[in-house]
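A, B, C, D, E and F label the chains in the order they appear, each numbered from 1.
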Amino acid sequence: MKYGARNQLIGTVTDVKKGAVMSQVKFTVESSAEMSSVLTVESVDDLNLKPGDKVRAIVKAIHVLLVKE
Amino acid sequence: MKYGARNQLIGTVTDVKKGAVMSQVKFTVESSAEMSSVLTVESVDDLNLKPGDKVRAIVKAIHVLLVKE
Amino acid sequence: MKYGARNQLIGTVTDVKKGAVMSQVKFTVESSAEMSSVLTVESVDDLNLKPGDKVRAIVKAIHVLLVKE
Amino acid sequence: MKYGARNQLIGTVTDVKKGAVMSQVKFTVESSAEMSSVLTVESVDDLNLKPGDKVRAIVKAIHVLLVKE
Amino acid sequence: MKYGARNQLIGTVTDVKKGAVMSQVKFTVESSAEMSSVLTVESVDDLNLKPGDKVRAIVKAIHVLLVKE
Amino acid sequence: MKYGARNQLIGTVTDVKKGAVMSQVKFTVESSAEMSSVLTVESVDDLNLKPGDKVRAIVKAIHVLLVKE
């Protein structure tokens, strides 16, 4: 299984918040940073996501904004 | 300075590859994972990005795809 | 502070509509055009956005669709 | 003709820069601000974009990042 | 009317689910596959989308993730 | 293996065009429609994409723009 995206992080789901259309899934990655993904309620149901689940978070490089402070 | 995005990672630029229109910037984050951003050549020039620079990588939660394996 | 994105507009928040997971923020830019951003409720809370606030709206060039009519 | 996107700006193309795969199109909007779109070389050819052309720039609200400075 | 995007599919709306901020529109394309779009409630209202409506679904090539299994 | 995205199409690669930073991959889906994905040259190399390969194309619902004509 190979994904055509540069950024892939393995995380553990910590929270799932459900709205009418969209859900927000929080997960921690190795460095202990907390991250979030927003996806449809249906997708969360399909994946049956719940705290403790392992997920792979995939982000295309084009979606990463860089800021120099 | 506050950003309206859930995912923010501090990284160090390791490589800049330049095309005609788009450039790819590689950077490592704390956990030593390597990540990539693709932005216009002009943006890379504006930020004057080069290896060793500190950058903040920002990703809206909506752009994160979750996969359960 | 420099942003790796081609499109940056300064606007004034006119309205914040809150859902369970996502919020919609309306703002006007200099030309008086009304624009919208959708972000997580948490991000809106982090930024403490309310009508009258000044915001910078950032859009990567890759997210702009062009239509010729 | 109606577009399911909150942000629509009418602009005039000022420049087209062509790469191997992607092209960058610059255009000015009413307020005289300069904006950019990156699309495939093929799409630019389909639209036959050249300086002076009128374009409608469409951005889904979800792709707008807000920053409070 | 020409769109600067590589992927365009003609579909028929089958369902509209409304949240507070975002709505999800389901539609079938020629091959009978079911697809979904998430857009603001306001955009769905602007388009007055309801089951049976014909829509054009547009996806920029940059938003398509490829996976090889 | 489950993907947190509403839109998944199985296709066959027909062409790979390589730039300096980005590559464009064309593929046909069941209904014979031609589609395109743009990803980094590195990702195309990782997947070793070539004409005839089967790919799964994944698009988050939030990235689908609807137009009513």
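In this text, a residue touches a chain if its C-beta (ideal position, glycine included) is under 8 Å from a C-beta of that chain, and two chains touch if they have at least 3 such contacts.
Computed from a predicted structure; not experimentally measured.
Once the contact rule is applied, which chains count as partners of both chain C and chain E?
Under the touch definition, chain C and chain E have A, D as mutual neighbours.
What is the chain whose Cα centre is as far as it gets from that of chain E?
B
In angstrom, rounded to a whole number, how far apart do the mean CA points of chain E and chain F lie?
Computed from C-alpha means, the inter-chain centre distance equals 17 Å.
As a quick test, compute the distance in whole Å between the mean CA positions of chain A and chain D.
29
Distance-wise, how many Å sit between the C-alpha centres of chain D and chain F, to the nearest whole number?
Distance between chain centres, rounded to whole Å: 22 Å.
For chain B, which residues are shared contacts with two or more other chains?
Correct list: 1-6, 19-20, 22, 24, 36-40, 42-43, 47, 49, 58, 60-63, 65-69.
Graph of touching chains, which shape: line, ring, star, complete, other?
Contact pattern: none of line, ring, star or complete.
Going by the contact rule set out above, which residues of chain A touch chain C in the complex?
Chain A reaches chain C through residues 17-20, 22-24, 36, 38, 62-63, 65-69.
Looking at the complex, which residues from chain B come into contact with chain C?
Answer in residue numbers: 1-6, 37-40, 42-44, 46-47, 49, 60-62.
Taking the touch rule as given, give the residues of chain C at its contact with chain A in the complex, in rising order.
For chain C paired with chain A, touching residues are 1-5, 19-22, 40, 42, 58, 60, 62.
Using the touch rule from the top, collect the residues of chain E that touch chain F in their complex.
1, 3, 5-7, 9, 24-25, 27, 29-31, 33, 35-39, 43, 47-49, 53-69
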